[in-house]
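Below, chain A partners chain B and then partners chain C, in two separate complexes.
Right, the complex of A and B next:
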């Protein structure tokens, strides 16, 4: 009996310790989400009644489907490009090349700088009067007019990569650092050349790390709001579309915005679940190779 | 055979040069936008195809401070940041201690639930937060905006601090007791120095997230609680690129200080927070 009481009081303390976090979770996340769900089923501007109209209108509209497709194009393309950029970068920075600390610092810059400032600088640099176009006009023969980069989909993908590749890169670097050099040496002793060691030993072992990092890049790119808001032009992904619904029409269309928000949340959760399953499978393969 | 070896060495060298070029290009691509912002903020009459501004001026900074009301905005940002850091660190210390040091049934599940907000894009629950804050009249108060930031900062604080507390070695605490330290002494001389770096890292990361937070601020701010990101966004909308650049330079300085602190004191992996608990 006494033992049971002691056990209960121990759990009571644990619960007390978790209380602030739980309050924060339910007050600032769960209840707002619940409210959004309810609001998305309400007729526009009403507090009573149930309807599916908000969803059907958004999902049957060709513009709505284009918004969803665009969000996936942007986030998947930037995730893939981040991986392509991060792996050689991490492999190079692993050999303590000259100035490697400076390069490591550079990788952190897009993470700590507010996204808006990054987007502003990118718009200035790649704009028609920016240094990139000046360089093209002066040194590339046959360039008569500046290249249009801002407010195009390629430009937006590049901006996303610039802003969100550090997640993938940092995770890849830490996966490479925790790799035991003895494994590579074993590969070399077994007669593999440098390329073979890289292809058949190193890459399979760091794949889970790369994929876990790319999940973070994907999440940041999928939920990106400030950057497409000022640098997207006519390309409006889901987050911007939600904000447009409550900022442009008068009165604000909260129910429509909530419905789009629910679509966005569900898509992200479904995609992440599938992706994490793939990551786990890749991790299993790597362990098998080891 | 020698030829092959030379060829292989050359190839290796080639890869190395390629990698190094990549690093240098990356540095240029990352720094150039900031250089352009800095030059734009002090340049005058920079039109047409000029590499550098023809005249220099401090006018845009004066405009930013007088018209953009930067001192007031900076004060708001710092107050909101401080409240958000304190609240999320307190939450993080309590929850981190529970996750890192105590036994409980279903720990993984509770952790996954509490860290769930990191999986959902902020704009989806920002709508609900804004609705609730309008009802509670928390919109346009420093505490309200800071509370909205906590929903983003707290999961990071919990993640960093649980890892810190988990790394606290029981044997060290026992050793302190064996050496005759009582509970209070043990806490101040042994536990505190060991967990201080973790708490500091959590505070730095919470502040970075609060300082950069735009989505939740945009939906809960009011005329009295304009923060720097919102102010910059409004200035971009007005279309004055020079004044916006001046604001951006002012705004980037604290970020660079934070960057230096992260480089010295914390592991950058913690900033991205890993993907534990999914």
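Right, the complex of A and C next:
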């Protein structure tokens, strides 16, 4: 009897300790999400009734479909470029080159600077009278006019990479540093040159780490708002489209905005599911390689 | 022992939560108010923080908690308030007309509760954007749009909109037009002022009639054509417009005189920036209005009225023009130091070129916003 009472008390206290987290979950996540779902099915400006019109209007509009495609293009391109940038950088920094601690710190800079400030800085730097173009015009012979980077899709992808590549880079570095050097040595002893060790030993083993980090980069890029708002020019992805529904028309189109937010959420979850499956498969292959 | 550990941990969590909970406001007059500002740009947000809030604290002993927000968000929130439990006390609205039309209950503001409001010109208390304010808004300041141009590139600025339109080829790729779907009010002001130049008195017509008028069709087509001569891509928000001015890509744009002059002083626009007023009118004078939501506790309303009265005092109103180049809401032009008129035109000059208030109405603004897609090049 006493034992039963003790167990119940422990469960009660456990529940009590979990309560703040549960309340936070319901209050800060579940309830707003539920409200967004409900609102997305309400006729615009009404608090009763159900409709699919908010979804059909957005998804049947060519502009709506272009916005979805653009969001994927921006996120995938910036994720791919982040991987391309992160792997050599992580390999270099693993060698503990002079000043590597400073470089590691610098990688984190985009994460600690607010996105809007970062975007403004990048606009100034890459602008037609920014330092980059001034340098080119000064030192590149035959260069008569500045390169156009701001407000182009390529420029926007650079901005995304700058802001979100640290997620991929940090996990890649962490995967590389947790790699047992004996495995690489074994490859070398077996006659593989440095490139072969990298290609057939190191890369397969760190792939799960790269993919895990790139998921974070992808998700951040998919939901990017302040950067495309300020630096996107005519390229305005889903988050900006949601914002437009609320901030431009009066009265605000809350139902339309909620429907676009739901589309965005569903796309993210679907993509994440597929991606995580890939990561798990890559993880399985890596274990096999080990 | 384990049981005791759990009990201690639970006690600590509960005690921590209790200590972290907000302390209830003491009885008596509140000393802290929340100001929700959906109106100010970066210039006036800075002014709130550096000038208004310290002054109110010093003079009235009231601490203003400043919240930058949007009309849409706050209207939605305010509708969900339970009576007497509203959580912001003074509203500085981007569009007072939108608030009044939304049906959100607002306090009536007049000389009985805000004595200095008696000095405001009655027409500004009566309506804004063509909407009857029902005495629920108090004007804080006025400002104007002007043709802002970089004198380094534009030696002979257009003297009228018609001249500007005729000379559009001269400025191709260098006209600053903010995106029509931007949050900034410049998005619709620039278009409305352009349309007014070609429509004049017809702008008084209800939009459903005006839309069918051939003169409107002509003006609308001219606007679309004019847009093709703007710097592309169109700047998303004013910050991009400023950067385009800095880079030399944009030479001329209709924009807020106060913000442009403030920015030139801050170094975020070229020092060679100048302003002119086109003959057909620069803009209806831009207006910033206060309101007090009715759904807040009574004791907060009393303090809010005192704060508004102070902000409409002569001292505070003169500061608006001497530091921010915004025109006072109250009739104190004779008290403004002459040096202020060296930077901005006198109010009577502005009044002559300002578009009459009844020609820029909410339905027209909504029409431009609703047709933003047509106005992208």
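Here, the second predicted complex is superposed on the first by the 287 of 290 C-alpha atoms of A that agree within 3 Å, B and C clash if a C-alpha of one lies under 4 Å from a C-alpha of the other, contacts with A are read in each partner's own complex, and residues count from 1 in each chain.
Just so we're on the same page, a contact is a pair of C-beta atoms (placed from the backbone, for glycine too) under 8 Å apart; a residue touches a chain by one contact, two chains touch by 3 or more.
The model shown is predicted, which means the values in this text are computed figures rather than measured ones.
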Report clash or fit for the pair chain B and chain C bound to chain A in the combined superposed model.
clash
In the superposed model, does chain B or chain C contact more residues of chain A?
B
Name the contact category of A:136: first (chain B only), second (chain C only), both, or neither.
neither
Considering only the touch criterion stated at the top, classify A:69 as touching first (chain B), second (chain C), both, or neither.
neither
Just to be sure I read the superposition right, which of the two partners does A:278 touch: chain B = first, chain C = second, or both, or neither?
neither
Examine A:254 and indicate which partner it touches, taking first as chain B and second as chain C; both and neither are also allowed.
both
Is A:151 contacted by the first partner chain B, the second partner chain C, both or neither?
second
In the superposed arrangement, which partner chain does A:232 touch: chain B (first), chain C (second), both, or neither?
second
After the superposition on A, what does A:114 contact: first (chain B), second (chain C), both or neither?
first
Have a look at where A:9 lands relative to chain B and chain C in the superposition and call it first, second, both or neither.
second
Is A:246 touching the first partner chain B, the second partner chain C, both, or neither of them?
both
Superposition clash, chain B versus chain C, among 9-17, 63-71 or 117-125
63-71
Which chain A residues come up in both lists, the one for chain B and the one for chain C?
10, 13, 17, 20, 120, 124, 129-130, 229-230, 246, 254
Please give the residue numbers of chain A that touch chain B in the complex, ascending.
10-11, 13-14, 17-22, 24-25, 28-29, 31-36, 39, 85, 88-89, 91-93, 95, 97, 99-100, 102-118, 120-122, 124-125, 129-131, 134, 137, 162, 166-167, 170-171, 174, 193-194, 212-213, 215-216, 219, 222-223, 225-226, 229-230, 238-239, 242-243, 246, 254, 257-258, 261-262, 264-265, 268-269, 272, 276
Name, in rising order, each residue of chain B that touches chain A in their complex.
8, 12, 16, 18-20, 22-23, 26-27, 29-34, 36-37, 40, 47-49, 51, 90-92, 94-95, 97-98, 102-104, 110, 113-114, 116-129, 131-132, 147-148, 150-151, 154, 158, 208, 211-212, 214-215, 218, 228-229, 232-233, 236, 241, 244-245, 248, 251-252, 255-256, 258-259, 262-263, 268-269, 271-275, 278
Parts of chain C lying in touch with chain A, wherever the complex brings them together:
3, 6-7, 9-10, 13, 17, 70-73, 75-76, 95, 98, 102, 181-183, 187, 233-234, 236-237, 239-240, 243, 246-249, 366, 369-370, 372-373, 376
In their shared complex, at which residues does chain A touch chain C?
6, 9-10, 13, 16-17, 20, 63, 120, 123-124, 127-130, 151, 229-230, 232-234, 244, 246-252, 254
